[in-house]
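Should a chain be cited, it is by its letter among A, B, C and D, assigned in written order, with residues numbered from 1 in that chain.
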Amino acid sequence: MVEARVRVIYGDTDQMGVVYYANYFRYFELARSDYFRASGGSYREVEKEGRMLPVVEASCHYRAPARYDDVLVVRAEVTEVRGASLTFTYEVRRESDGEVLCTGLTRHACVRRDGRPTRIPDEIVKLLAPR
Amino acid sequence: MVEARVRVIYGDTDQMGVVYYANYFRYFELARSDYFRASGGSYREVEKEGRMLPVVEASCHYRAPARYDDVLVVRAEVTEVRGASLTFTYEVRRESDGEVLCTGLTRHACVRRDGRPTRIPDEIVKLLAPR
Amino acid sequence: MVEARVRVIYGDTDQMGVVYYANYFRYFELARSDYFRASGGSYREVEKEGRMLPVVEASCHYRAPARYDDVLVVRAEVTEVRGASLTFTYEVRRESDGEVLCTGLTRHACVRRDGRPTRIPDEIVKLLAPR
Amino acid sequence: MVEARVRVIYGDTDQMGVVYYANYFRYFELARSDYFRASGGSYREVEKEGRMLPVVEASCHYRAPARYDDVLVVRAEVTEVRGASLTFTYEVRRESDGEVLCTGLTRHACVRRDGRPTRIPDEIVKLLAPR
């Protein structure tokens, strides 16, 4: 489990005064890339292994809005690794009061450079081990 | 059912050379707002009625990547209207060959200005009727 | 001179209720890519020639705000072509009343795949001729 | 002078493999809002004073590209405060090697809620004092 922090800027909000719904998926990615780094690696290394992990499914449940200047704590963890796919789940909380603002997931395929699905190599599985 | 068209710009792509996964939710919004317009209305009128339709859930299944310069056809329709919530479903196709690139949905609550859930007013239900 | 049309979505606005300042540069790109298409070409062809036109300078003067649901008319034209660089200028108007909302420019270098500056090839100059 | 740090995500890059040119203006905003916070305040307080500081001009000179996973150091400082306007200048460096990737500026008007220009109140000038 890894926690990334991000401060909401004007550019993340919309005219309702809250973070635009699509932007939470950017926060998810931020935490996801921190997850790889936390194991001493980086998503760059996945690419060096000749593999990519494109998103094949993404979803988010919105409970309460984030606002300008809020510091968000974005928790990411790998909750499933199968032969050729893996799942990250996320939780976004407001740092000041700990309120959970949304939860979500992304499911990824493991593919070669030519786009064909392939088993996740052991080197990458190590980067994904639960922590 | 309404179809919006959008051309993929550089700013929509990422370094994999494909549209970044979060951006499809922007395309969904584009088609959603066209949906309101197609009934002679606008989401602005929803707000004038003192109602808002914040997204409470969003999801997308990605099948094939969209690329720079592709023209995308984004189909939106309302597939469920209940007392205080409604669901849009989406399909994104590449115009040139008709390939379905992704499908998705957004679920919306109907709330008053103070954020409390409320029955969707008849004036808004009319804007949402199947077509 | 080429005119692109774009409708402002929620995702383009910020909590001031107006289009976020960085997003005008996305609109500029939209019109810029239409400019190439208008000459029967595409920026893709520039890349096929083994050239790229990265932005080396960008600026925008904001006069009046664009709002949700506005249709914007984005005019682009090439105002200078020199050996290894070219300049696009832009004007964004609201379609409903013709008000000029901002003006801007982008200056581009012509580089090879290895990043070295190079004279703009004649095939590309043709795509850029005043119209 | 204030320095903000930001790590480049996939969503910030484009298919050239570098940060999309419009996104630097988002980084500028991040550093700008840190600038207010560094004086013990926040841009929120500017708004509480009934003032807004909309951007009236923005520009950026791009020298070298930022890439995925780079940590960027974004320096912001107020370089001019006049009666009803102020200027921020920015410099973005890559943290790993210190290379300057771009420089830029934003000029802001000080306006009341009704949009009319007004002298910058002393409370706000204090937040902007050179440091």
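Note that in this section a residue touches a chain if its C-beta (ideal position, glycine included) is under 8 Å from a C-beta of that chain, and two chains touch if they have at least 3 such contacts.
Because the structure is predicted, anything quoted here is derived from the model rather than measured.
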>> Starting at subunit B, how many touching-chain steps does it take at least to reach subunit D?
In response: 1
> subunit A and subunit B are the same sequence; what rotation (0 to 180°, nearest 5) superposes their CA atoms?
Replying inline: 180
> Between subunit A and subunit B, what is the separation of their C-alpha centroids in Å?
Replying inline: 23
> What is the distance, in whole Å, between the centres of subunit B and subunit C, each centre taken as the mean of its C-alpha atoms?
Replying inline: 27
>> From the mean C-alpha coordinate of subunit A to that of subunit C, what's the distance rounded to whole Å?
In response: 32
> Residues of subunit B touching 2+ other chains?
Replying inline: 10-11, 16, 18, 22, 25-26, 29, 68
>> Can you tell me, using the touch rule above, whether these chains form a line, ring, star, complete graph or other shape?
In response: complete
> Considering the complex alone, what residue numbers of subunit B touch subunit C?
Replying inline: 7, 9-11, 25-26, 29-30, 33, 42-44, 68-69
> Any idea which subunit C residues touch subunit D in the complex?
Replying inline: 16, 18, 21-23, 25-26, 29, 52, 54-62, 65, 106
> Tell me, which parts of subunit A touch subunit C in their complex?
Replying inline: 10-11, 13-18, 20, 22, 67-68
